[in-house]
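Scrolling down, you'll hit the structures one after another.
The two complexes that follow have chain A in common; it is paired with chain B in the first and with chain C in the second.
On to the complex of A and B.
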């Protein structure tokens, strides 16, 4: 058998000796692709991978940066246990989750019908309207937070002015709206209002973004489906409920994931609204703020790193839950 | 079931009128096909009947009720879309049941009707599947099931087979026909495929640029086309069109070519008029003996090509600068070759004459 094969095999071509130049030229084809993609890896290693690994490394150490790298001290999981048992950290996680829900759920519950309304009711002016809704998203957080701080200011704020004028509205002797509206200025900085205020600002800022996301998803739903449903006798709200909402599920998954990630890392709005302190009784202090304060105010980088990894785990867990809830079933 | 009447129906999109004065009466239980090239306004007409498109002018009656301002649901119609428009997130069962659910039909009645439709369309084993898990033909059947369960007065189809491959198209065509025979529901069916129209229709309506060109049974449309457009739109290969002059000498009309002429058995009013002779390739023969008729005519033409197409030959000829095809059976002793001159025979009663200016058929004088 093998003898037959070797007998049939054609004569092997003689291997030619190549010059050095030729060999370099040929090997160039081998390493050139790696050279061309290397900038990405270099940049990713320096700015992505290294900080990631370094913070993981840090989270198991006690370190005062002022004392130099040699001052690092291995402490095992102590940073983690400390953070998890720390009252202030627990409060900040509670605040974060509270804000994530209070600012996050209305974003979607309002954005979806709003997008449907824009989708079905506006034709030519649609882009202008979308642009208006999108404005808060591209405006600087600092500016937005300052505007809202002014609006919510106790003595001169618009909100208090509107509320109290409604509350103090009188017909003869009675104040018919006093049961609903305050009659005196409210101090919005009081701990029981802080989170509501922050949640409102965050909601206001991102509802337009979500509306735009849902609107773009709605534009991909074939018109035929609505026509078939119309012929089938589905009214407008039934079409919304039975066609639009189920068809939006992939976008819901995407948008809710973005909301989870964004809201659990909430920093700028509460930081500016509470003047960087977290507010009275820490009422407006989020986990990200707590991490920032631990690192840059208290100088405890080890614990701050541990907090960031705990936060990461929390985000990963919630995203996984979201995937179970809204993700594509296989 | 119901009759449908269109009265001077018009549709404008902005300034462009795409349906221009559409008049038609569809009898109760009739299967009418709207046939025409793409963009001629077929879908628009159908969608106005469905209530998916506003009516610019005119009236539509379903069962003697004016439906111009009725909601699609109140018109009691069901529609099968070209894309099928199945709801992708619902199972086959839910898709079929959706319309019943929306109109508040009782649960057990829904179950009963879905089962009936599924049995009839052989969908029962597929009821739990999602549309994306179905083949093209199965999706098509689901779309038909969805239309069927609502027991509508009128079925509307908009090019329902154009997304299927040729083989499946044939079998689905047969299924639609069977369904219509069983249910007897008045049907308006839109297509650009003449084979579908010829095989399915009780009557065909030929549309072009928003105008009705002809209404008639498939046989009438094929054998008595009202004008040049209908004549060349229907039939494959296309009807041959050869320029000729119609002359009248005393009481005899004849058709004159550059160096030959044919005497016509009938008398026409036209004299010395340049017109077009239309004759189908299948009506031309190489031998006089192949035709059984008392009125046989013939023309001599140059052969410029011969093509074998399995059971037939296409003999390509030229006469007075016009090219045309004779479709002859292999059995018919093909004695023609390139550069030969052949004599082609035909039954004169099967020719068509068209006025070059109006495109309309020239008919013999009645007497």
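On to the complex of A and C.
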């Protein structure tokens, strides 16, 4: 139909029509990007921003969820003061920080030399080896934490069996490893061991991830630095210590930041390993778990919201501190 | 080369021991999945495969009568989340990569900033919203909130701005292609590698997602696999063999996927860290 029209119309109109079409296209160019990014903002507004504001609102209210939204009662900062002075909350923050350090530091201390070994001594098999170390990172935390509860069990767990057989290993009359390894089965569910168990699982899950990060940073270090060092007679460990480690600083900052943010939110591993309870004497209860239990077990949504904001502030503060400490000085 | 052999050997030894520690839990998961409870509970525990896998699956199904449904649901939710993410993230990534528009940088920074918001912060209100919307126990409660992630937008923007020249888009526009058609016919065919990476990451993330379903799925039939496995815990005498069988079933699809695509997946996951 339009072709008939354009055939009938004089050439002037034809030109006009083309400009109109061009203008339409130009306006399409104008609105299209907004339309294309709108799904993110639509979803984020409903399921990101609104929950955030609502949670902030809730944290200043006392609320019995069963009584409906109208039953909300303004209590000011009472939820915050209650949470902060609550013994269980303090325990959970202590546990979280303990776990963040105990699971976090070994991740980096081991990942860096490991990445260096992979970088210098592995060529063809490198991808296979990386794959093995990375496997824990992509598998279901729940599934693997359940497997670990089996391996850590007191009487038949593989880990106790390994430990005690090392501890009871005898040459003649002496047990050379008894000072390092236990000679009797450890009950990992006892409060003094719960955190160690959780920290190991977290370490196991993330060491490969950090190794991959450090390895990719090492691959960007110029080769001539090492060549020059070799010419000057530097040994391999000297090259590692004086070239690799300093050159990795930006990546260390990034990876440590990720570890801080991730470890302070620790939820799934302790939740599964302690069966959702936090373990004996709450020894394995993290702050995120405490929030979950306060909300969904005890039904105190106001306090739980306050807890989540306190935890958020703690994460923001520690990330900022890390930035001051390790971040690039400008 | 000869001079380095010793340090190479040390490296091989340490890395080898480490990979045994990394893989041992998976190994024992498979071993225990094929043994009865009493055999797992004996000292020493079994070290090689037994023949009880089918029986363990039977015990699993007694405790979790909807287990196959749970697997199907997990697969369905992960698949829909992946498709939605590929579509929405590539659209947004395309807009940020190849359009000039007012507020582009501000909006991009805003979107990236949302990655800093920890997921637990929205956990409580999200549960309330879902119950208000009557989306409790609905798969959409899991895939709609996750349908367009900031990380995906970032990945797509990076890929599109390096893989697609602006001239190509302008040429298509000159030829009278409308804006959506340019996306669909020019951009999409050129970004399939990035689709592969983002698709894998999204699928695996949603398959393993525990916190999301934990607060919105309370009907056993509508549990995803991680929730179903977790439900095995509190059932008196813990059925270790069945738990390991269930864990193996949850993990094996990912292991296969990972073995086939590990390089691409690892590169994709670390790309943001290294280049950004």
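Just a few scattered comments:
Following the convention adopted for this analysis, the second predicted complex is superposed on the first by the 275 of 330 C-alpha atoms of A that agree within 3 Å, B and C clash if a C-alpha of one lies under 4 Å from a C-alpha of the other, contacts with A are read in each partner's own complex, and residues count from 1 in each chain.
Methods note: contacts are C-beta pairs under 8 Å (C-beta built on N, C-alpha and C of every residue); 3 or more make two chains touch, one makes a residue touch a chain.
Because the structure is a prediction, the values reported are computed rather than measured.
Applying the stated clash criterion after superposition on chain A shows that chain B and chain C can sit side by side.
Taking chain A as the reference, the larger set of touched residues comes from C, when chain B and chain C are compared.
Within the superposed three-chain model, A:222 lies in touch with chain B and out of touch with chain C [touch as defined at top]. In the superposed model, A:232 lies in contact with chain B only, and not with chain C. Of the two partner chains, chain C is the only one that A:295 touches; chain B does not reach it.
In the superposition on chain A, A:311 contacts chain C only, with no contact to chain B.
In the superposition on chain A, A:156 makes contact with chain C only, not with chain B.
Once chain A of one complex is fitted onto chain A of the other, the partner contacts of A:241 are absent, as it touches neither chain B nor chain C.
With chain A used as the common frame, the shortest Cα distance separating chain B from chain C works out to 8 Å. Within chain A, not a single residue is touched by chain B in the first complex and by chain C in the second. The touching residues of chain B, when paired with chain A in their complex, are 50-52, 71-73, 77-79, 81, 83, 85-89, 98-99, 102-103, 146, 150. Remark: chain C residues 4, 7-8, 11-12, 14-15, 18-19, 21-26, 28-29, 32, 40-45, 88, 91-92, 94-96, 99, 101, 104, 107, 111, 114, 117-129, 144-145, 147-148, 150, 153, 173, 176, 178-180, 183, 204, 207-208, 210-211, 214-215, 225-227, 229-230, 232-234, 240, 243-244, 246-248, 250-251, 254-255, 258-259, 262-263, 265-266, 269-270, 273-274 touch chain A in the complex.
Within the complex formed with chain B, the residues of chain A that make contact are 222, 224-225, 227-235, 238, 242-243, 246-247, 249. In the complex of the two chains, the chain A residues touching chain C come out as 21, 25, 28-30, 32-34, 36-37, 39-40, 43-44, 46-48, 50-52, 54-55, 58, 65, 110, 114, 117-118, 120-122, 127, 129-136, 138-144, 146-148, 150-151, 155-158, 161, 204, 207-209, 212-213, 216-217, 220, 236, 251, 254-255, 258, 261, 265, 267-268, 272, 275-276, 288, 291-292, 295-296, 301, 304-305, 308-309, 311-312, 315.
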